[in-house]
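Next up, some structures in structure tokens.
Next, two complexes with chain A in common: one pairs it with chain B, the other with chain C.
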Partner chain A sequence: MHSLKNKMAPGAMAVLLSLLSLPALAQGAVKDEYKWLTFAVFGAIIAVTMFVTYFAARRVKTAKDFYTAGGGVSGIQNGWAIAGDYLSAASFLGIAGLISIWGYDGFMYSVGWLVAYITVLLVMAEPCRNIGKYTLPDILAYRNDPRKVRVVGALSVVTVSTFYLTAQMVGGGVLVKTLIGIDYEISVIAVGVLMLGYVLFGGMVATTWVQIIKAVLLVTASIVMVILVWSQYGFFGDFFDAVVNDPKVQARVAQILGDAAKNMTPQELGQRFLEPGLLFKAPIDQISLGMALVFGTAGMPHILMRFFTVPTAQEARKSVVWAMAIIGGFYVLTLFLGLGAAMKVGPSAIIGTDAGGNMANPLLAQALGGGRDSLLGNFMLAFVSAVAFATIVAVVAGLVLAAASAIAHDVYVGVVRGNNASQVEQVRAAKIATVVFGALAVAIGIAAKGQNVAHLVALAFAVASSANFPCVFLTMFWRRCNTGGIVAGMIVGTVAAIGLVLVSPDMTYPLAVKAASEKAIVVAADRLAKLDAELAALAVPRMKLNADLAAAAGEAAKVPIRAAIEKATAAETESEARIKAEIAATAKTKAAAQKKIDDLHGATTSLMGLEKPLFALKNPGLISIPLGFLAVFVGSLLYRDKRAEDMWDELYVRQNTGILAAKAGGAH
Partner chain B sequence: MSANSINWAAIDNDPRFQRLRTKKSTFLTWLMVLSTVYYFLLPIGAAYFQDLFRVKVFGVVNFGILFALSQFVVAWGIAGYYMARARAYDAMAQELIDDAHKIRVQ
Partner chain C sequence: MRLTQKHQEYWYRNLFVTAVLLLLWFAVSFVDSYFARELNSIVVLGFPLGFYMAAQGALVVYVLIILFYFRYMNNLDREYGVHEGEDE
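Then we have the complex of A and B:
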């Protein structure tokens, strides 16, 4: 078996496996007869969260309840909620998928998402808790001109939330469609309606509980799956041994490396999966993304907002440490889930269902439970799918709450009404903003159907790290910082991050697409010619045997030849099926490449009118973060602001000591 | 208790606050630098020290896997160390909170 698979061309293996999983793509990963199971698990999770929202709704009376759950969330609860807010579908499905098809590089990618919380722990959580109220612009408004900084702060919050949210909405729609075959538009609307239900009626109280429930489900699902994976492949040393010796993994590496894999033994191919460099070619991109993560997480409005829900800085600290334990533990489990999926399901089958690898975890769950035709396998798939769905709803709820609070609290109440609004008016404003932004999210989700939105998450982190982080950090830690610096930093950071992405390799460049597609067509045509020749040559051994048979004299001589003919015929049939499958797949690849060229409609330039990227980095962090800081420095030094100077002592003492903070948070 | 009844400038000048501020910012700066440097060793190492990352430490488990896993241990270690040290800062801050209304310019 081993030798047979190793002899087979890896490309053929990949194609064959992806063909086998094609039916899954057409009708959703869940078979029709098991869909009730998926809906039952979905329904149960929705029922529990709705029940929680019902009770939460009665506790939400004031603006403080709506935005920060009255400041009454404990450190442990908040830690779970942060994890629930942060572990998006991109983490749960995307990273396991990356690991399952790219090995080591996928795991390396996950590290930055945890390390980011050290910045949150050391410089953001406690000072923000000590001086903040409901939103990120509240921190900026403490010593700067409230009207000006609330407007630029709210703009940045809405920008970051919209980018992040679009990625979630589109990802969610595609996910539900791939899993159970429900229409993209319907699943986007379902996410929107559910999320609105939670936020509108239960505010931050319900959002917090939805996030906690989702985080618990996510961690539980991961632990159960990892235990099953370990029970099959062994723990640590044995587990990695199994990865290296897995023929599907070896075939995948051979496919990635192409010609370079010719002289490698199967063992070496498997080992290569555990080494860096299969996915990431430009280290500078990784460093730039790392910077965006390490500083961007601390500037994410929906994460920052979570620190206003706890009563004290000590509880804020405790919540980050809990979040780090949960998030870090989750990523370590993901390593085993991703590699487990590579062995149990196989990278080719995973790519066959979804090119980005997002189906690795759901397919692994199904396989661990006994496969596509078993009740347990489908139950586990249903559970994982429902958790993924809950994940999207919970993350979207946090983002909509953050964006709505910036619009209602900062712009409407703070700027338009000059802080003169009753509690009833404030809550009403918050709810109206929630509905408006929620509807906008659904509209954007539907409008962006079919778009590649993966880089929008990175863009959200780029803006958060280049605009929000320098402003929030410097207003709390730099005496000379003032309104001029905040306005300049917010604008320059946001514009630099977005502007650099618009001219980066992330955009589509028709000439590059055309060149790559033309090359793919040539390769495919070559392969087709070779396959046709192979197909034509298939019958040769049998024909020769037939000739031998005719020439043979006597029954005794004919018996072994007949047996050989039978064997040759069987081999021929098998090879014919394999080659025909590969021909079909190669023809499909060729057609897809041709379609890519046709879809360009003769265009030669990107959205920005460029033939090739002006800026080499995929993530702008390396340039835009220093620019954001520089803008705050220059803006502050060029601007005179008496209030920012006068308020410095108060802000600095308060952020360091928490004087008055416990009172402010706990009084209720 | 309101912000107006507290002399913030006086607290800022209070030697206890100065001590808290200096100790805390020095400690946090070092911890931040350490964690950032350690993290960026991962993408840098994976790109420029691939031979080191390939070295098998035991069985098929190589240095790269152990180093990536160590990132988690170090991150948790830094969080735990900070938790422990922060108690001392809490105590120093509590003194200032208790005396907040009494501290006046000398």
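Then we have the complex of A and C:
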């Protein structure tokens, strides 16, 4: 985790990373005397979702029920569930945190993610719904050789899910630990067990409903908090003035800008918080990340799967409208939450609890409710925390379901059994795959404790955008696309994405770490010397003050002088304490830097044996996405597949109209 | 199953509206944030415009894009008789 802090501040994957960079706190954000309240709120929310799962379990009989809730989810319900999938812990906690710390640039994430959704929805959702049945490889298998594309498709789905899942598990474990102070391992196991409970017994029905419940709670909590923020800082114009004039915000901007802030008025500093450029400095990295996010979302198996749960193409479209309205509305609220936290809690206090800013929302909730010592404040904190926890469990459930379906439906039923499996066997296979994958997720989550798993999120999106997206997109929109292209695209896209990340700046490069740490030690030592000098300088006037005080003793006429001297002494004591605190903090920084050097054990090369990154971009999207497309083109042109071309017209009509979708869906 | 003239026409209209909306999407997402600093000199409702677009305006436009697409495509489905659903 330590290697993460120094690179994450301006880092491209900041939202995602930040979830993983919560520092080890001595205790949770909740005081011990209010722990019971936290557990009560967590318990209540878990009880509600379990109750829903109980009813869902009775509805899950066939494979179609398990994978797609029997296609019986309405457009509005699916809209809420998609919003639930979308509003992961990273966006709920991370974006408000980034806004509270970085101002304008923090928004780029909320908008960035929503941008991705538009492309998914406009271009991919409907045809996918019309062609697919349960899984992403189903779409590929429609007009290509089912066995081959199912195997490569399943491989890619499992790869993407595992990367994303690991990041979620580690992030979730750390989050729960930070919020309520229970052990990391127990947190990970709790997430795993709950998730298994939902998926195993309730399949997609329960997974969908858990997402819906969570999304409703999330939106409700946000609305309540925003109303409280408005009641304190005013609405729109007043609110904006409050931000610009807030001393905490101004201090934060001055801190970010450093020397550049010297000639700026406080007003200008506040204004600067609402302008771009505080966080992002390397636009090409942003573009590459943006591409991976936009196209990666369109290739994320757990997101595509949601569109198979609605009965008609019209309902699929309707769910998109609802999802967009809910997500859009949520982010409109995030503006007030983020800026509200910047004013109410203050950027430095937020960073103090968690360097990535993830605690902005929970801390704002606590402050709005009356602070750390009030019952209401702690209740609100517990509620926001429980919603964040439910969020992680629900997203993990979706991912496990996607991965398990790739194994059970595509590889086992589709390839091993050649599509000859009864409903009972199919459901059993799906449940076994779920248990195996869930156990794996917990094991990986615990094994990856304290690891820098940030690049795994980058990898998940890179693979989804470079392998899944070109294949799914071209099989639906390019007549000549065939089995050869899909196999080539899946393999090249996956290998290119993983390979480029392995040689990218995301990995740890001992020489760079060493240089940075050595520099940090020098800076810290320098600062320590200065602080020591300041402390020594304080001692001189201190002695004089004491002497004055002694001289002034006894005479009644000198009472005001004595009071003045005592006041000066108190001020001295205060600055002494402040300097001592800074000395302690600087010494800690120095020790941490030294530990980093020691941890390298003299290594000079990264995992891949490199001294410095071969590839300059943190996210490979810019290169690996075109490579994935190229592989599909070349593979298709070199391979002859008459069936794929013959099936084109049928696919074309079906994807555009959905005419055959419902009937074919029940054909097995 | 062969593609009929009608299907082709439906598809072209679908492609056209998608392209127009994606163009709008691009303008709001990328062109707008590129000019954020310039737009900030315009103040709407007490907010500088560039900031406001990134914070909320773009989101509102996205929702409108999707809403428009939804209504347009539903009408198109009905017009070309490819409406799947109630009559199933």
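The rule is short, and it goes like this: the second predicted complex is superposed on the first by the 609 of 668 C-alpha atoms of A that agree within 3 Å, B and C clash if a C-alpha of one lies under 4 Å from a C-alpha of the other, contacts with A are read in each partner's own complex, and residues count from 1 in each chain.
As a convention for this text, contacts are C-beta pairs under 8 Å (C-beta built on N, C-alpha and C of every residue); 3 or more make two chains touch, one makes a residue touch a chain.
Just so we're clear, the structure is a prediction, and the values are computed from it rather than from any experiment.
Aligning the shared chain A places chain B and chain C in steric conflict. When the two complexes are overlaid on their common chain A, residue A:274 makes contact with chain B and with chain C alike. When the two complexes are overlaid on their common chain A, residue A:581 makes contact with neither chain B nor chain C.
In the three-chain superposition model, chain A touches both chain B and chain C at residues 104, 107-108, 111, 114-115, 117-119, 121-123, 236-237, 240-241, 274-276, 314, 317-318, 320-321, 324-325, 328, 331-332, 649-650, 652-654, 656-660, 662. On chain A, the positions that touch chain B within their shared complex are 104-105, 107-108, 111-112, 114-115, 117-119, 121-123, 236-237, 240-241, 243-244, 270-271, 274-277, 280, 283, 286-287, 290, 294, 314, 317-318, 320-321, 324-325, 328, 331-332, 649-650, 652-654, 656-660, 662-663.
Every residue of chain A that touches chain C in the complex is listed here, in rising order: 104, 107-108, 110-111, 114-115, 117-119, 121-123, 126, 236-241, 274-276, 311-315, 317-318, 320-321, 324-325, 328, 331-332, 335, 649-650, 652-654, 656-662. By the touch rule above, chain B contacts chain A in their complex via residues 1, 3, 6, 8-9, 11-12, 17, 20-21, 24, 28, 31-32, 35-36, 39-40, 42-44, 46-48, 50, 53-54, 58-62, 64-65, 68-69, 71-72, 75-76, 78-80, 82-83, 86, 90, 93, 96-97, 100. Across the interface of their complex, chain A is touched by residues 1-3, 7, 10-11, 14, 18, 21-22, 25, 29, 33, 36-37, 40, 45-48, 50-51, 54-56, 58-60, 62-63, 65-67, 69-70, 73-74, 77, 82-85, 88 of chain C.
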